[in-house]
Amino acid sequence: MSMLKQNRQYLREKIISSREDGRSHTEYRPITIKTGVLDKAEGSARVTIGKSDVLVGVKMDIGTPFPDSPKEGILMVNSEFSAIASPDFENGPPREDSIELSRVIDRGIRESHTIDVGKLCIEEGEKVWMVFADINILNYDGNLIDAAGIATIAALMTANIPKIEKDGTINRDDESKSALPVTEIPVPVSAGLINGIIVVDMTKNEEKCADAVMTITTKKDGNFCAMQKAGPSALSEEQILNIAELSQKESKKIRSMIEKAVKANKN
Amino acid sequence: MSMLKQNRQYLREKIISSREDGRSHTEYRPITIKTGVLDKAEGSARVTIGKSDVLVGVKMDIGTPFPDSPKEGILMVNSEFSAIASPDFENGPPREDSIELSRVIDRGIRESHTIDVGKLCIEEGEKVWMVFADINILNYDGNLIDAAGIATIAALMTANIPKIEKDGTINRDDESKSALPVTEIPVPVSAGLINGIIVVDMTKNEEKCADAVMTITTKKDGNFCAMQKAGPSALSEEQILNIAELSQKESKKIRSMIEKAVKANKN
Amino acid sequence: MSMLKQNRQYLREKIISSREDGRSHTEYRPITIKTGVLDKAEGSARVTIGKSDVLVGVKMDIGTPFPDSPKEGILMVNSEFSAIASPDFENGPPREDSIELSRVIDRGIRESHTIDVGKLCIEEGEKVWMVFADINILNYDGNLIDAAGIATIAALMTANIPKIEKDGTINRDDESKSALPVTEIPVPVSAGLINGIIVVDMTKNEEKCADAVMTITTKKDGNFCAMQKAGPSALSEEQILNIAELSQKESKKIRSMIEKAVKANKN
Amino acid sequence: MASNVPKKYEKLIVNGKRLDGRKLDELRPTKIEVGIIPSADGSAYVEVGKTKVMAAVHGPKEMFPRHMMNEDRAVLNVRYAMLPFSTSDRIRPGPSRRSNEISKVARHALESVIFLEEYPTMGIDLTLDVIQADAGTRATAITAGAVALAHAGIPMKGLVAATAMGKIDGKLAVDLNGPEDNFGDTDMPFAMVSTNKDITLLQMDGDFTPDEFKKALSMAKKAIEPIFEEQRKALLRYHE
Amino acid sequence: MASNVPKKYEKLIVNGKRLDGRKLDELRPTKIEVGIIPSADGSAYVEVGKTKVMAAVHGPKEMFPRHMMNEDRAVLNVRYAMLPFSTSDRIRPGPSRRSNEISKVARHALESVIFLEEYPTMGIDLTLDVIQADAGTRATAITAGAVALAHAGIPMKGLVAATAMGKIDGKLAVDLNGPEDNFGDTDMPFAMVSTNKDITLLQMDGDFTPDEFKKALSMAKKAIEPIFEEQRKALLRYHE
Amino acid sequence: MASNVPKKYEKLIVNGKRLDGRKLDELRPTKIEVGIIPSADGSAYVEVGKTKVMAAVHGPKEMFPRHMMNEDRAVLNVRYAMLPFSTSDRIRPGPSRRSNEISKVARHALESVIFLEEYPTMGIDLTLDVIQADAGTRATAITAGAVALAHAGIPMKGLVAATAMGKIDGKLAVDLNGPEDNFGDTDMPFAMVSTNKDITLLQMDGDFTPDEFKKALSMAKKAIEPIFEEQRKALLRYHE
């Protein structure tokens, strides 16, 4: 299951001329986005990038607002690296990776004000909607952050707010439910540095050879709303600016795919 | 402490003609039931089956009802396999056994509507009585489920509801406290399959040789209210029906022992 | 890092005539006490005894009183043996030592009625001040209990109660805050038994050679308010009475050092 | 906090038909697919009505944790979980008492058909993730687990399939759905081996007369056969 | 949630007698039995008034976890617990800060009398379960632990017995019971070795003048003797 | 429970100056001291404005837990924590999701400059305790960690220093303080290597145009230089 050291060395050298699956350095694998895949969730999406496969379900519950934002709903992004995707997740320090994944996606959505949390207040200071986006990895072949980020925003865009009955109970079956107020489409694009080469959408094998990874999340207006450098090695200013440019360009293409998938669901 | 493989093989072969303690295949070890053994608990019972020894204490506290049953009290059955009974419990996967034990007993009581939870409402939707039955294993020599099941129902049958003072505090010492409304006496009877033979009330050694165990809980009217198959091997339909018949028969005898012990306590 | 067995034996024999740092058996290392060392805490103190270095911060929050004392505030003493002080803390059973440390100091303060908890009631039965004293070990060279006990009382003596605004929020920046009502100065003094010799203020090396340690906490009036014997060996009645006398004497000196440090802070 | 209160139904059987139109001895529509998790050694997706489960097998491989290793045979580790978004009220991630118990009975439901002795000292990890729950999740998970093990090429004495018998409006019925499970009287999860028809899972909650129990057992045995058929078809489809 | 509020008493000493009729230097009725847990290597049941404790010894046996092993001597592992139903308000199962501390002081109260060096690398597990609590649970647990160790045949330099000294209505008193502990001023748990009268447990909360402390120590030493007698009788009864 | 509500400010820049009088490209007063934890192999105290961090290095030493050992190089373990009293509202002790993530990015910010290959199979523990927090805690912790590693004598390719860039009142600013961080628009923690000026930490939250981002990067690179100076001075002072 794990790569031998010499394989790693071989792939690092070869990356200069070509990738294991023949893609160019700045080329994504095929992306599929399906929304509305779960009945019990308020919103859902399944996204594949190559063989990486992520399922996100959005649930909403009534909770208490934070004291410093008594009129605002709360977003919680959580991710579990289920043993279904890979037994590697069970040993070692994966919990750390899982926490980082969900926090990077959470920040991308939160800092871009993607959800109009002011519209999620039920009773000031007492009751607000809590929006849980649970990320589940079904198959792991690299670039989970992009797949999870795409699936999370697509699931949120297709989520509905349940109805609250007069007695305070939640009715999730009522047809008159309203859409979750989503006003932005932040798109994370990750690129790695392998042996000096910048490579987007790395596979699992490529990630194992990478020196560093940079995720940059871009908004509709082309501005950046979240960034995260990961991996043990440093990056030069120039490399970072190149990745930023790449991310901005790729995010546009991916954003239209998301919009198309969401539209398909609503029809 | 653990059985050698050859001992296990020997006991499996010998079981066809006789058991290690000379009992017949369908014979229980002596059962003792004592109730009212603890002063600070609202109800209590200590049950021995052979050398297996179980102590159950019932405590009651005020809690919040579940949203979908705002007028009903709550029963919680919990079991701890204390290191006092056997150091085996400390290593390996015993937590799983302990959870299964308490859940099987919990279901036997809950599904037979043994406790009239509607009478445990203090203030609709706000305050109900929570009934905690804590099972403590003092000595382990097999067939814990039956011993724990008998002790739990006997403890519940002798439990009293504390008085609530006007200021909302609980007074556990008042003499005018009323009995917990217990209307059924579910009795679990467990039988194992060893080398093709059905054996009731297995000892610890016999359990280590068993292929499967089946627990069937019977009510006063002779109907079944809970079942649980455990152990790695399969059972045939015929074997299961035989065990059901056996369980039904044995449960009657045990039920009268429980009734007698409870009556003794009340006098 | 750990002492060899023969070093231990050597130090145990040598202690009869002299200590590793040349002190007499009943002599403390230099003590420094600084208060008001943290801005965000309601009170704070840093205490060194020799190379042992302890930082205590006091935080106050609004909480619910215990049902049996609805008009009283709550004191919580907690200690964390951070990996910063010593990597030894990470393996083995240090959690136990950390719990004992905080519980001994907690009892010394609680049982001497050091804090007038009746003055910490905000709304009877609903809201009281919770006082958290968090002990942090910065460097460990023995006698942590005395250092932590001194730091805790000094931090409490310089703590202020935050203001509660009309809307119920806490304002920690208002200048009109009032002092935490501290009416006693309990001082713990610890002495160990090494090879029959009673030794105060042991270093880390000495603690590793000690048979037993006795901590005695004394109040202003010379009475004892808390005691704790630790360590695997027994003590004779005579040894205990000797330690009690020693503790009473030393506590007076340390108490004036605390008073001086607190006064310095208030000026 | 306020939680979803399920809709109530007056009757669960109308004109001899159940609310979803099924006969009493009829399974819900069942769909099985294998090979859905490329990185697993075996995997399966099973849909029974609205209940949806994914199963993945990793192994046989080195046993971890090592002290649980068995010198004579492989150890089967089963981990059943309901994903947070699988039900009306969100489920907190992480094991619960319920999921621990179901992991255990699912292991017992499956291990007797595996030739574990062929892989001494090894471990076989079986993960069962419920992605949507509408009653019968443990039965569906066992059905999925068996076919995922077969897909992984692990030698087995037969397949195992499961369903839940129940009593609704006083009548025995096969494969309860969500509303039937919420308002029915009795629930009996049941698993059987394809070859010798032995029973590897049997739990029951509620109320059965001895006769009802006998009848429930034989109804379950009959009703379960089509699931074996679906399991086999899914495996064949994959290998075509 | 609403919790039990203990009854209040105006006075704890009336006409020189305590509320339960005892004199100031008198222990509560004490009952000791050994061999109550057949599967343990040693066991004891101790009742002091309404406080009831069960103790069991398993070992000497292989040390677990292995990294806590000591090459030179056995390791004594003590686990003290109050069972959930032992007090008025139910106690959540599992270790607490209080039970962790008491496990530690109980270990220190007992290990100096055991010839641990006779069992290098081994572990001795001592479990102390309080099944009913009416003050003095740690003292009663130590008394029970010592006799369970002796019953297990582990070589010891002497027995250890314990009680709690206290101050009620301003007077020193032996072996406080529940109400005395709740409304008394001072509590001093104390354990002693039967042979050399050395002190292996000493804790104190409350207020003692130096003279009171001195007097409390000597009262405790005297009061504790009858417990050694009960321990010896229980061991003899068992071996008859 | 009621929590501290931070003061609100109308404007964060007045007459071209920030509320604390700094210019936009100016660091807060920075104080660095090494050798503050005598029992550690290396240690440092760093104060940046009101943010105060202590760092300690233990190692290189035997790796624990052993299964995380690397045959080819030392493993750097970083544990970042905010002490309970470091903020207005008390923080519960123990790791949080936030502290776990920061421990990871801090490790990545530092490990590329260490010659880890010189200590195969060993472990280096770096503890970063924030004793007072007023924004920029992770940056200050990384600055402290680098100098503590150097103080421990671990061979390094260069120092690492960090600060946080931000956007306040629409303008780029260096090293945000507490109020600026609470009411500012964007936060970009940033760490750089002293020798080759490579970037080892880069996170961002908020809103940057591509141009702003480019400008922020170059402002950060310039602003950070004085920190390297302070680090070197602190190391020199210690060795004098």
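For clarity, chains are labelled A, B, C, D, E and F in written order, and residue numbers in each chain start from 1.
Everything that follows uses one rule, which is that a contact is a pair of C-beta atoms (placed from the backbone, for glycine too) under 8 Å apart; a residue touches a chain by one contact, two chains touch by 3 or more.
A quick note: this is a predicted structure, and the numbers were derived from the prediction, not measured.
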Touch-network distance, chain A to chain E, counted in steps: 3
Starting at chain C, fewest touch steps before arriving at chain E: 1
Centroid comparison with chain E (C-alpha atoms), farthest chain: A
From chain D, the most remote chain by mean C-alpha position: C
Turn needed to bring chain D onto chain F - CA fit, degrees, nearest 5: 120
Interchain centroid distance [CA atoms averaged], chain A/chain D, Å: 31
Distance between the centres, which are taken as Cα means, of chain C and chain A, whole angstrom: 48
Centroid spacing, where centroids are CA-atom means, of chain B and chain D in whole angstrom: 27
Where chain D touches two or more other chains at once, by residue number: 1-3, 5
Residue numbers of chain B (touch at least two other chains): 67, 91, 169
Chain contact graph, described as a line, ring, star, complete graph or other shape: ring
Chain order around the ring, beginning at chain A and proceeding next to chain F: A, F, C, E, B, D
Chain A - residues contacting chain F, complex: 66-68, 91-93, 95-96, 99-100, 102-103, 107, 110-112, 212, 214, 219, 222-237, 240-241, 244-245, 248
Residue numbers on chain C that touch chain F, as the complex places them: 38-41, 44, 51, 53, 55, 57-59, 61-63, 78, 80, 82-87, 90-91, 132, 134, 136, 138-141, 162, 164, 168-173
Sites on chain E touched by chain B in the complex: 1-5, 7, 36-40, 43, 50, 54-56, 58-59, 61, 64, 79, 81, 83-90, 93, 125, 127, 129, 131-134
In the complex with chain C, residue positions of chain E that touch it: 1-3, 5-6, 67-68, 97-98, 100-101, 103-105, 107-108, 111-112, 188, 193, 196-210, 213-214, 217-218, 221
